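One chain, chain A, appears in both complexes that follow, with chain B as partner in the first and chain C in the second.
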Partner chain A sequence: MKKTLFILSLLTLSIIGNSQGKLATKTAKITFHSETPIEKIEATTNQAAAILNKKTGEIAFKALIKSFEFEKALMQEHFNENYMESETYPKAMFKGKIEDLSAVNFDQPGNYDATVKGSLTIHGETKPITVSAKIKVKEDKKNIDVSSNFKVKLEDYNIKNDKIKNIASDIDVNVNGSLTELQKK
Partner chain B sequence: MTLTQTINLLFLTLLATNSFSQGLFDELEELTADSTEINYTTATFKSTRIINGQSIEAPAENELLFVIAHRFGSFANGAYDLFGLDQASIRTGFEYTLPRVDCFTISFGRSTYNKTFDGGIKARLLRQKSGYKNSPISMSVYSNMALSSLRWINPDRINYFSSRLSFAHQLLIARKFSDKLSLQLSPTVIHKNLIKTSEEENTYYALAFGGRYRFAKRVAFTFEYSNFITSVSNIPKVNGQTPIGTLSLGFDIETGGHVFSLAFTNAKTMFDPGIYSETTESWADKGVHFGFNVNRTFSLGKNN
Partner chain C sequence: MRKVLPFIIVLILAVAAYGWFFVYNKPHKDIAKSKTDFTFLATELSLKFETEAKKTNSKLNEKVLSIEGTIHSISNQDTLCFITLKGSKNYVISSELTKDECTSLRKLKTGDRVKLKGLYVGYFEADEDFEMIGDIKLKKTTISK
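What follows is the complex of A and B.
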């Protein structure tokens, strides 16, 4: 009996130990914009999910393409139907790792600059990408803000532009998330 | 501690660590697994008509759609009429989806055929969706009232305003089966206030079936067939001829803010009560008209 308890407590400990050090959110904000002389396009989602492992520096993002909202409904329809083919490729994903993890002290509130190296999957195409990110450890150390700006080249992800090019060939993407310590159920 | 117990313990710990060292990405998937997100099906059809008849689609909230529909004459007279190009029948119309209630669309149009004004309302009952909530189909109701503004044939007798009116009421049931294929079934009730003989019925029924096959990103093949359920002998005649079902074949071509529909059809009219009650020419007798619809969307405000 004692041994069973011991095993159980060991297990519980390992569960707790493991869930600690991970932060996540389901309401990260991703905005992108494209500007050409013909048209200015901007879209936002507030429903991206993100997770960060403090120990390993691993970080992952996921967003549903259909959750992006545009100023004009027709833009949104064309975005989903003609460019992103969101029925076939419903998600955009990022999986990466903080390069210089030693430069980020998660136990010390403050602002840190980090380089995140990983792979970005959009429209069914996965490409390596390196982005610079800002990491802000909040006072309570349980909340961390992560933000980043980077460019996505349409042709890298096999997204076909119109002949009249009313979309920029490089899209500016802005990612912003407030991650909180993960609680295991 | 016995050996078995040690092994057990080791095994259990291993199992535990193993399941936790799963990829961070799987954890992210897990995190969003209980998501209450609903994935609404969009763009079942490219425009608010499949060809002649209404589709399940409506302009987005606070968008004004301008539709110019044009049908040339029929092929019946061959080269003499330049295969119908000598004649023209037009309907111009507007459709507008009310902001905030976003499931309610009003439309208005004027056709050259019998100098007809028509007004319609379309209300969305059900949207095809998956995810947290599911629905395999989209469903809308549509009603159109048409008013012929022709001068009375016998101005001397008592003519009632109500005699100018005819109606079409439809239940639109559609499903987008894939990115490419969408089909729709539209049970239809037609009512004509004025009929000529007592054998004819004021109210009769039709069934329309249509769909699209999107074979390129911006181009789709469209088709539509409708026929009467009510016995043909009871259907009001048009210039002495019994109305027949309609068959339309066409293409939808999308170019940014416009959708062009090109079609061949035996229906000459482009307002709903007319489509299902005034069509007398048949494909077999070359009673086919070439025509097009041009749809132009104007955004009147921000989409929020």
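What follows is the complex of A and C.
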């Protein structure tokens, strides 16, 4: 009986183990900002998905292009139809890894700076990217805030600009997610 | 004629500028007041994605959907509110509600039956990397019942 219980516990632990150390959200916020003398453009989505593996430092974000909201409806139309071609390329994705993982103590609440190296896919183009991120381990250690600010060059992702250059060639991107420990299925 | 021409040019420019101002500042579509394009049960819509996701996605592109289903989870962050409906084995339906609906959301709980009306924005397939099941996404969503 004891042996059966032991095997059962091991099995349970191995199932739980699959998700242990992983945190995720489906409501991360991504904002981008472009400013030129002609026009100021800003858009936000609150429905990006994100996952962080505390053990390996792997981190990923993905967002649907059509979930971005602009102040002006016309800008939103142009963004989807002319620039991002969101019907052909519906998603943007970042996959990377925290480089200096030992500098982040996930068992100690506090704020940590990290460098994340990975690849960013936008408009069907995937490019390597290294970004600085801020990681905040909350008091309960089951919730972690991740934020990052970086620039994206339009030409790297084959996104055409207008002849009058009403969009900045470097777009400011801000990513914010409050990730919660995954409960294993 | 020479005296009239400048006035005509100024008038044309003024009309063009006036027209452009309205195009440039045209308002966003009010989803709550828009005609519903398709009505589904949450389980029925999820099953459509299970069998033919790409085709269903094209059909629903930028359409206003009315979806009735059982609440799987709720997230209320003051002015940012989300509701997820139970779907099928591999899909759920996630909606970002309009700010005004955050108050209505307080009266609801997991397991309640609701009808949502929102704009379809796309879907995520089930993703092992993200440890997430498939997600059918709506925005500007209101609760109809």
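As a convention for this text, the second predicted complex is superposed on the first by the 174 of 185 C-alpha atoms of A that agree within 3 Å, B and C clash if a C-alpha of one lies under 4 Å from a C-alpha of the other, contacts with A are read in each partner's own complex, and residues count from 1 in each chain.
Quick note on the criterion: a residue touches a chain if its C-beta (ideal position, glycine included) is under 8 Å from a C-beta of that chain, and two chains touch if they have at least 3 such contacts.
Since the model is a prediction, treat every value here as computed from it, not as a measurement.
Following the overlay on chain A, a clash is recorded for the pair chain B and chain C. With both structures placed on the common chain, the touch criterion links A:Thr27 to chain C but leaves chain B unconnected.
In the superposed model, A:Ala103 lies in contact with neither chain B nor chain C.
Looking at the shared chain after the overlay, A:Asn82 reaches chain B, while chain C stays out of its contact range.
When the two structures are aligned on the shared chain, A:Asn166 is found in touch with chain B, with no touch to chain C.
Once the two complexes are laid over each other on the shared chain, residue contacts for A:Lys95 go to chain B and to chain C alike.
Of the two partner chains, both chain B and chain C are touched by A:Lys66. More residues of chain A are touched by B (comparison of chain B with chain C).
The superposed model built on chain A shows that, among 2-10, 20-28 or 218-226, the segment of chain B colliding with chain C is 20-28.
Comparing the two complexes, residues 22, 24, 26, 47, 49, 51, 60, 62, 64, 66-67, 69, 72-74, 76, 87, 90, 95, 182 of chain A contact chain B in one case and chain C in the other.
Listed in rising order, the residues of chain A touching chain B in the complex are 3, 7, 10-11, 14-15, 18, 22, 24, 26, 47, 49-51, 53, 56, 58-62, 64, 66-67, 69-74, 76-78, 80-82, 85, 87-88, 90, 93, 95, 160, 162, 166, 182. Residues of chain A touching chain C in their complex: 19, 22, 24, 26-27, 46-47, 49, 51, 60, 62, 64-67, 69, 72-74, 76, 87, 90-91, 95, 182.
Within the complex, the chain C residues that touch chain A are 23-29, 61-62, 75, 77, 80, 82, 84, 94, 96, 121-124, 127, 129-132, 135, 137, 139. Against chain A, the residues of chain B that register as touching in their complex are 1, 5, 8-9, 12-13, 16-17, 20, 24-25, 27-29, 31-32, 35, 37, 39-40, 42-43, 60-61, 63, 178-179, 217-218, 254, 256-257, 297, 299, 302-303.
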